[in-house]
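In order of appearance the chains are A, B, C, D and E, and numbering begins at 1 in each one.
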């Protein structure tokens, strides 16, 4: 089973979606900066999360995480 | 000795009853000390502004003014109740450089009387430079929103996530999914006694504070931190308190300013907040905006719930972050959601800070959850009681990774309410009954305050005549913990209630206790008191066993003043005689029993949960939308009932408060200014509007609680708003998703519904 | 905090009027004080002189004027009116209105004269008095004058009373036979101020034709107001539910409500519409019964 | 300038000198130390300061003390006769008609005023009679039960 | 609380613009204005007396024109207090002018008024109603004034 390691802290998740949730959820500067470095606006993701379902905010980030943070 | 208990379960006069009905109870509000001065606090008129300068010279020169304090007189610390997280300790109380809401304190004055103090406030010149401000949580998290606290970008104060199961997969298997949006408003605690404190700093460096508080231990510790004093040099005494409801366990401006002023001049200073300050500059219930999705199978089994909430935190953290935590947890109550996800965010805004209030995030969660359960039941064509039966929690249920529920009488409560509703038969037009189920905790396990003490402790000291002094840090703020704890102690020790004299919440003589919040006193402090009584009892019985010369196989017990052999009750000696002899026999050493309680291995939230179901009948005027509460029937279980009158009182009082939250209590704002900071404009339920109430007690026994008892105060505020919303839907067919449910909202929704129906034709 | 003032407690009307004249520039009259003391404490009023007229016993009365009308002294408390035996027939509405006014303590202490002199457009007595066609008697050292209740209230907290004048009596004319009156107020909490209130007084002929109707609205404009367009719809006709509905609509249009925290302007208009029809219907059924 | 004020409080005559701005509640609490009477809102809305004046309940925060000149006033301290509690007080104890107790004095005095008007009030009269008093704890119904018990004659007043 | 409205006057937009910004015009239009002085072209010191029934308050405040786009748009921010420590007072005002056919000019304004302190606690109900009526009166006065000056 593959896992995904948070690019800025020690958190390891089983799915990129869970890691996305962690990254948006922590919301501190390090996590936000990483999100911004991938071309996302944190507040937009958050607003998307709060106002709609289907986890659009998470999904957008999780695609990047899937590519970049997978560890064996 | 046929009945199980001698004291517990009996209707007794409260131990503080006669002093309260005769007006002889001395509240902090009544305290007058020799040489005392009267304090007043100057507060910010701006929602957000830089403090350019404060000139207190004119005020200081005024005749009758003895001291003026500003941030300059402090040690520049910030306080907060989540001490484990220093970044969340964000409140200076006396602002040094920036004010963050209308009501933020900037200076305080001590003068010969209140008139002089108030006039002196007018002489303090503060130059402000107004800054941009933000007033709602949804605005606050925008990229370009003004920052309430420097360095906290997007104004995100705290986040919280709870998850179990596989929510996304589960939704795929659902036959019906609902998504709804809800808005929960604010509410004022509206304690009858406003926040007040009297502080007396002596020349020898010791400080005594009388405070209208619901946690004298927190006041002591937080004051020590803010004043740079040792905890042991501060004594906080809690006289009778005129209500708390969650609004009085943080260090407040009255306590801090009175202490600071007193420390400056070594004279007693009393500060009583005005009703307006109480409304605008204390704390309030947390407003929350929710989006909630729930999915079920055709047979009514709920497979998944996903809920998101963003709370308006106001200007500071305080204890408010806990509401974010608890609303997420209680959104899963009281059902067995196999898959659950909660995302919560708390945003700072330039408004009065929000914090704990009776129910602490749960009434909001239940308003949302119980409406959605009714709505999905309707979609599925299932009876509202039935869907609750299908999914309701049961004894020995584990909330995955969160909590372990031992006793749970939810299903019995559902049966009782079902019977009641069926008994009502067909209702007249525009009448409806709505139900809501709920569960609540008996004290929090979390220790964000970072106390090294046990959560609750008690000491029992016996006099030579067998009379008992009970020392506990528990705070009776009107809910009756002094009586409940005295009853538990009397029962355990086998003496009469009148043999007990309780000394509570004086930090110098009582062991520490985290205070009255999260419905913790009965279970947590009850356990500590029971243990302390048992400890004293053991010492007496040891002596009695020797004295009576009984065979070692016999077990001794005490009841109604007699020490007797458990299996041969006719062999007995007088408790009162034995105590005298035991003390004499122990070289005159006082008999002291100690007890302490901290929950261990009980999950992350609470050691026990109580449950109930409430049915509210309403009548709606179809032409104006005006709704009247007719009757509220509550089936409730709280384990063994210690004090039946107390529970009835808690229940009826909760309906007044939670019914008010549903109907009329609100703190509307315009650009951060509360528009109704007076009792003429802030509406609460009065006697003419109070519905009839019925309580159906369901028997359960909580193994973790003292004599099987658990929570019976806060949980009762949870169901009412949701039940009322459901009742309105059943009466006139409209769903109101935002609080309060005003006649205007009902009327407008009915108009909309009519228009839609017309269109459909 | 109340700013200190000179206090005068005249015991007779004459003494009071002399004081009003003497301190013409800066005084405030206090009767029961149920509204005034709040303003004093908030510092919004800081009079140099307070003239406390509560002790003027000669202004505390309710009496029949001999022609089946009533005269009520300005210092009669709400409580006295609420329980007075003279509140019969179409005057019963006064007692009913007083029962709805604020709380028992306020009714025990507050006076009807003080209430209407305060000029709060949401006050309860004014619309009822207007519907009943009351006049008020004002007195000053210069003499007395009588004013139609309708002209007494001018604007928010403003009355037609001039400096040096005080309200001394309310006169209620004898109602014609087959007259009925009713009052209703809408609020969320029972003892609260009105969100909107409506008083209606209907006189019917033997054949049930409406020969006279007076409808007055509270909290629906800067002053208590007559709903004259609504009245015009009903007058001279046999009142039907359809007509009542039309009258409600007319009242709703002629009202001048504002939005505030209790209700929006639109909702207030809806309330005027519904309550006007309802209360007029009730007044009509009382007229029939009477 | 100070003014003279004569009052009879709980049967005891007093002569005082006060500022005209002084409210009755301030005289009771601050000058005479009768702190049983509370102040909850200072704006005539909560009823915690209710006392009985010349037989009727009034809010003592909404009465200028000078306006009460010559009045007979009963406060909560005057309700019991020595060590013997008033029937209302006994009923409040039995029915748990108080919790934090801050509104209790005012509530009792409203009930006393009510009993002066109607010695045997109905439930509706009781509800109306205490509508001027906010109680944030009990939800009123226990208070109503207590007064009903007094109304029924369950408690005899000792003469 | 929000007050807004629009009205049309006869006159060229430039003339109307000049008049609106003249302190004298404003002073004579604000009901109860006792003094309005312009210290520079952007700052106005105002003293306004208002009463609601028996209550009279004097509001002393400074209005600063923060954004000016002649002759179509002006934004003004006012901050001040009610004398006697009765409270503070703030107003954010935006005015749009638009040329209309027939030599007319439309004036569209929005004001956001906020009061804090005792003044506000006197009763939101009353203050709100009062502010609205003052706003209405101001509009009427301004309209009248402009019509007088432009001779429409």
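Criterion: contacts are C-beta pairs under 8 Å (C-beta built on N, C-alpha and C of every residue); 3 or more make two chains touch, one makes a residue touch a chain.
Here the structure is a predicted model, which is why all the values come from computation and not from measurement.
Q: Looking at the contacts, which chains touch chain A and chain D alike?
A: Intersection of chain A and chain D contact lists gives B.
Q: Sort the other chains by how far their Cα centres are from that of chain C and give me the top one.
A: A
Q: Ranking chain pairs by how many C-beta pairs touch, which one is first?
A: Maximum number of inter-chain contact pairs occurs for B-D.
Q: Where the centres are mean C-alpha positions, what is the separation of chain D from chain E, in Å?
A: Going by mean C-alpha positions, chain D sits 50 Å from chain E.
Q: Distance-wise, how many Å sit between the C-alpha centres of chain B and chain D, to the nearest whole number?
A: Whole-Å distance between the two chain centres: 30.
Q: Suppose each chain is reduced to the average of its Cα coordinates; what separation in Å results between chain C and chain E?
A: 35
Q: Please output the residue numbers of chain D that touch at least 2 other chains, ranges allowed.
A: Correct list: 42-43, 128, 130-133.
Q: So which bits of chain B are touching at least two other chains?
A: If we look for residues of chain B contacting two or more partner chains, we find 675-676, 678, 680-681, 684, 686, 688.
Q: Hunt down the residues of chain C that sit against at least two other chains at once, touch-wise.
A: 38, 190-191, 261
Q: Pairs of chains that touch, anyone?
A: Those chain pairs satisfying the definition are A-B, B-C, B-D, B-E, C-D, C-E.
Q: Residue numbers of chain C touching chain E in their complex, please.
A: Interface residues on chain C, with respect to chain E: 28, 39, 42-46, 119, 122, 155-158, 222, 258-262.
Q: In the complex formed with chain A, which residues of chain B make contact?
A: Touch list, chain B to chain A: 138, 141-143, 153-154, 156, 159-161, 163, 168, 179, 289, 291, 293, 306, 308, 310, 343, 345.
Q: Which residues of chain D touch chain B in their complex?
A: Result: residues 29, 33-43, 45-46, 48, 75-77, 79-80, 85, 89, 92-96, 98-105, 108, 126-128, 130-144 of chain D touch chain B.
Q: Which stretch or stretches of chain C touch chain B in the complex?
A: Contact set of chain C toward chain B: 1, 38, 186, 188-193, 261, 263-264, 267, 270-271, 274-275, 278.
Q: Give the list of chain E residues in touch with chain C in this complex.
A: 52-55, 57, 84-86, 118-119, 121-122, 124-126, 128-130, 132-133
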